[in-house]
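See the structures that follow.
Below, chain A partners chain B and then partners chain C, in two separate complexes.
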Partner chain A sequence: MQFRLEKRQEPSKFMAYATPVAAVALTMIIGAIIFSLIGYDGVGAVREIFLTPLTNSYKWQDLGVKAAPLIIIGVGLSIAYRANVWNIGAEGQYIVGGLCATGIALLTWGMTGWWILPLMMLAGMAGGMAYASIPALLRTKLKVNEILTSLMLTYASVQLIYFLIRGPWKDPMGIGFPQTRLFSEAARLPTIIPGTIVHLGVPIAVLVAIIAWFIMSKSVFGYRMRVVGAAPHAARYGGFSENKTIWLAMLVSGGLAGLAGMLEIAGPFQRMVPGFPTNYGFTAIIVAFLGRLNPLGVIVAGVVLAITFVGGEVAQTTIGLPNAATGIFQAMMLFFLLAGDILIKYRVRRVMPQTSTEVA
Partner chain B sequence: MDLTLAIIVTVVGASTPILIAALGELVVERSGVLNLGVEGMMLIGAIAGFVVQFHTGNPYLALLCGAAAGMASSLIFGFLTLSLSANQTATGLALTIFGTGFSALAGSSYSARPVSLMEPLFPAELAAHPVWKVLFSYSFPVYFSFIMVVVIWYFLHKTRAGLILRAVGENDQSAHSIGYSVIGVRYMAVMFGGAMAGLAGACFPLLLTPQWAERMTAGRGWIAVALVVFASWKPFRLLAGAYLFGLVMTMELYAKAGGGVLSIIPSELWAALPYIATIVVLVLISLRRDASTNAPACLGKPFLPSN
Partner chain C sequence: MTLSRRTMIKIGGAAVALPLLGSTAFGQAEKLKIGFIYVGSINDNGYNYAHNQGRIFVQDQLGDAVETVYVENVPEGPDCERVLRELAQQGCKLIFATSFGFGDSVIKVAAQFPDVAFEHATGYMPAANVGLYNARFYEGRAVCGTIAGHMSKTGKAGYIGSFPIPEVVMGINALALSGRRVNPNFTVKPVYISTWNDPAKEADAARAMIDQGIDIVAQHTDGPAALQVAAERGIIGGFGQGADMSAFAPDTQLTAIIDNWGPHYLASAKAVIDGTWVPGNTWEGLKEEVVEMGPYNAKVPADVVADAEKVRTGQIDGSFHIFTGPIKDNTGVERVAAGVVMTDGELLSMDWYVEGVEQPA
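Moving on, here comes the complex of A and B:
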């Protein structure tokens, strides 16, 4: 008995929803086995990473705070990837967004006023957009691959943080620490639930995803993105300029990454430090794929990835699992998801050996 | 004179891993596959090479295990993209994320433990005179990288197997219809690329910094991918490109050590320079008329036989 792949008439809707769930489930099972084989408490690792953050209600606020930037960046990336624009430099756009917001916070230091936070938000988005427009410009004018340029800019932006916080933005009272001064009250994001760390960025993330879902499914913009990605020839025939789509995709994904950077710097960090780049921009790539490039799916996927981050920290203290294990679980999820993609377009058929030799 | 020699020796050391990894990726891309997991495979090779060097002290075994580990990790990519036709861009990224996590986990108990660097290949007497030093003071991977430039050029352009590999990358449907196994050829290419990336990764603890550090390849795998484009998929141009980048990185080292004129520019800018240089180089290449015509026609596209 042999198996053969047979092309489906239409992509399977059921599989599109089922494979992300199956990918998470498989990651838990295979992950437990692999980690047991290499000498860790595999079952314990999966329990702590995937279940403890959900069952312990005092971890929920951490989930919200970690999920927010992942969702915001993931939504932007899902829109870009739909259009086949491979922005993988969201981490750099997040960093520049955070830096621009920091710039406003330092300029307005000591001042009060309701306008400071919105201004930081605009600066963050503008920074992310500006940084994303470099790969967009190079791709549209010179056909330079956006994957490489957006990624190289990420490495460069990390150095920009170091330069600014060691030099011009260094905290005068910081006893030599490379960091900026603490933002004043008016430049810090308010918490929305008293007594928790849940800040304004959490509802903003959900709002961004819902708006994006609405735009992607109901507007011409969303239609353009989906058509250009799925059928570039048809899109050109239909009068959608490819270059304009690339610009839109880069600006939206860069702007949202910049917004996430602003929310992180004004929320949890409240000052620029060397540890500001936290890989949210890279993890959001997994979020976008796990959410099936659908903004509502991205909300769920963002929470799932946030669970693994929070759970990874739990597992570190309870069973001594190194923090790096989280990354392995996250990558496994993406591997299983990509492997499962084939089931959307193909179905598995059993064939008898005789018929298969005949075919060959 | 002495400083010039020292600089040349440093440039060679910095260029070698990039050259080896990029040569592997060049062969992979010539077969029509875009593997963006080079950085991840290099990290897996780096930790494998480090661990073997730490426990056995045999650098050749360490290089071999680094290559084997890189090849094993490339099989994940090969299985997903070739057997299951998964998206190559996404799978390559996933491999890099996996390699980063895997190497960090495997290396978590080895931080701040030194190993010994690889000894030069030729006896010290041969490299005693400064001029001979430029030629004979390196360890095995350096000479290996030069030999591989010629070997890969010869393989691609002068052998039948190389012709088949290029045919698979240029027109997979035709290659398939004449009876060549497109998937089989691509598997071999991907495995070769994985072995080269793993070996390149192992060079980091063996040639450059004799210890394990998380993400110690610091984006060199991505630069290797960019270099293949820069070199228009040609091995000898790759050699030139890798040494150009080695030079830029060496300037950073000298700037950090407070080297005269170089220190006028902030050290952060020096550190960012290899990445900015990569972008500049990609832009310059795109201005050339033959830039995109050299790309293998089937690059990045999954192969599905039409019959």
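Moving on, here comes the complex of A and C:
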């Protein structure tokens, strides 16, 4: 007996939205079972990772701060992925955006003025766009797969951080530690709720998602992205240039990743350090898919991933769950989601083997 | 339930957080909760493993009087700040931050929790409730360097460093100075890999340097990867760092520098329980047994062991200090005059390499 995947005529709309919820629920159930089997308090692990960050009000600020960059990058990626442009290198664009913003912060060090932060923001977005234009150029001119180039450029950008903070940007007060000096007050994001760590980047993230949702569902640009992704042949017939779409997708996703890099460096970091790359760009890929490539869904997905990060730390201290558990839960979520997507698009058919002598 | 929570959100997160903070702030009569944060995994069998052994020691010694918790793989950035706040909020009254790059976060969070005692390992920024503690790893390096100087055939050692901070620079210099006491042509080639813990990068660096002719490898990163490469390539040997790593490279580890943090952690925990804790600044070494040497490998000749032991015991009884002049830097300028011993202050801000150290890229 064999099984075969058969394309469904009409994928269910309801299931498309139910899958992410089911993926999270399945992750919790299977996670609890797995961790119980290997000797931890499985139910406790799920409670600490998924519920404590929500029920403990002291954790809300952490969720906001952790979710903000995931949402901004995730929104950009969801737009690109809609158009079937696979930008995997958001981490690199995030890093270059952070570096460009750092450059402005260091140039204006010791100065004051309201214009410094907006300038850093522009620099961050420009940096992310410039870095994303390399894979875009290679793809449109030389037909090089953007998955490989954008991913590999991420590792190059990490080396760029090391070069700059060990040499030209090294902190004169850092006793040799490779880091830039602390930004001056005008180059730091203000906190918007006194007494917390919630900075301006959090409302910006929500705003970015809402604007993106509006553009994607109401404008020609959004229509173009959706059509090119869903029906490339029809799009070409309708006069949408494929190359132009690739450029738009890469620039939007790169620019937003760069913006996230700027907000992160000017908010929580306030100086460039070797630890600046924290895989937000990669985690945002899960966020984009979990959010159904819909900017509003990305907000929810960003918060869910932030919950697992914050909850993972809680679980380490309260029930001694190892750090790797967080990664296992996140990976399970993506796995169930993608598996669910397959089952939405295809149905599993049992096929009787044609000849009884066939051996698997 | 849901409704009341919604209302609470409207009142404001800060207002809800206040009573939570208050309830943990006056729990002194209960047992002392101690938090530890590690930059790597407790299974690295090196630096973080050693800190965790210190935690277990405190737990064993004080039993029911304390509760210890730890968080591993904490990145050196804003994530660290969140973890520290998490520990303080969970009621930890003593928190050890065990990596250099946690400094900014410790200072920020310590200001928010003035009733919590913080101790930062290998750092340089103290505060009203932030103490500093460190170990004289360079004393162990001097013992290793003596063995390296005797045993290297090519006269070249490789040194895998994390970041060019004084802590690491000092170790490289101690290895070079002690190696050159034995073999004046001995040189050290440092490579910085910008992380404390990345076995793949550590192994790559070791391979690259072996290809360039080193036959001894030392590292100031957290795991045994470099030693394993040394074993695989069959060079003369290397040294364990942080803990005895002989299990990973039994024929290759010549000796090891073992960090023994337990006694310091115990003393701090007792001080907090007694209410006598004040932010200190300790820097102890072989004499206080905060730094210990692992067993000498059977392939280290007896006369070499004898010389290494002389260096070890000399540092314990105070008759020998590796940073005694004359010391030239690697451009030929004399930095320390004959007979002068460098002060702790000079060591802790060391940003130059001694003669025999190749200038790193």
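As a convention for this text, the second predicted complex is superposed on the first by the 335 of 360 C-alpha atoms of A that agree within 3 Å, B and C clash if a C-alpha of one lies under 4 Å from a C-alpha of the other, contacts with A are read in each partner's own complex, and residues count from 1 in each chain.
Following the convention adopted for this analysis, a contact is a pair of C-beta atoms (placed from the backbone, for glycine too) under 8 Å apart; a residue touches a chain by one contact, two chains touch by 3 or more.
These figures come from a predicted structure and were not determined experimentally.
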Clash or fit: chain B and chain C on chain A?
clash
Once the shared chain is lined up, is A:F335 touching chain B (first), chain C (second), both, or neither of them?
first
Taking the superposition as given, does A:D41 touch the first partner, chain B, the second, chain C, both, or neither?
neither
Would you check which partner chain A:Y162 touches, where first means chain B only, second means chain C only, and both and neither mean what they say?
both
Return first, second, both or neither, reflecting whether A:P322 touches chain B, chain C, both chains, or no partner chain.
both
On the A-aligned overlay, A:L148 touches which partner chain: chain B = first, chain C = second, or both, or neither?
first
Check the residue A:E242 against both partner chains and state whether it touches chain B (first), chain C (second), both, or neither.
neither
Stretch of chain C penetrating chain B in the combined three-chain arrangement, among 5-13, 41-49 or 275-283:
41-49
So the chain A residues that chain B and chain C both touch are 162, 166, 322-323
List of chain A residues in touch with chain B within their complex:
86, 88, 134, 138, 142-145, 147-149, 151-153, 155-156, 159-160, 162-163, 166-167, 282, 285-286, 289, 322-328, 330-332, 334-335, 338-339, 341-342
For the complex, give me every residue of chain A touching chain C.
56-58, 60-62, 65-66, 162, 166, 175-178, 193-197, 268-269, 271, 273-276, 278, 310, 313-314, 316-318, 320, 322-323
Touching residues on chain C, where the partner in the complex is chain A:
8-9, 12-14, 16-17, 20-21, 35, 41, 69-73, 75-79, 81-83, 85-87, 89-90, 100-101, 104, 124, 163-166, 169, 192, 194-195, 348-349, 351
Which of the residues in chain B come into contact with chain A in the complex?
36, 76, 79-80, 84-87, 89-91, 93-95, 97-98, 100-105, 108, 214, 218-219, 222, 225-226, 229, 266, 268-269, 271-272, 275-276, 278-279, 282-283, 286-287, 291-292
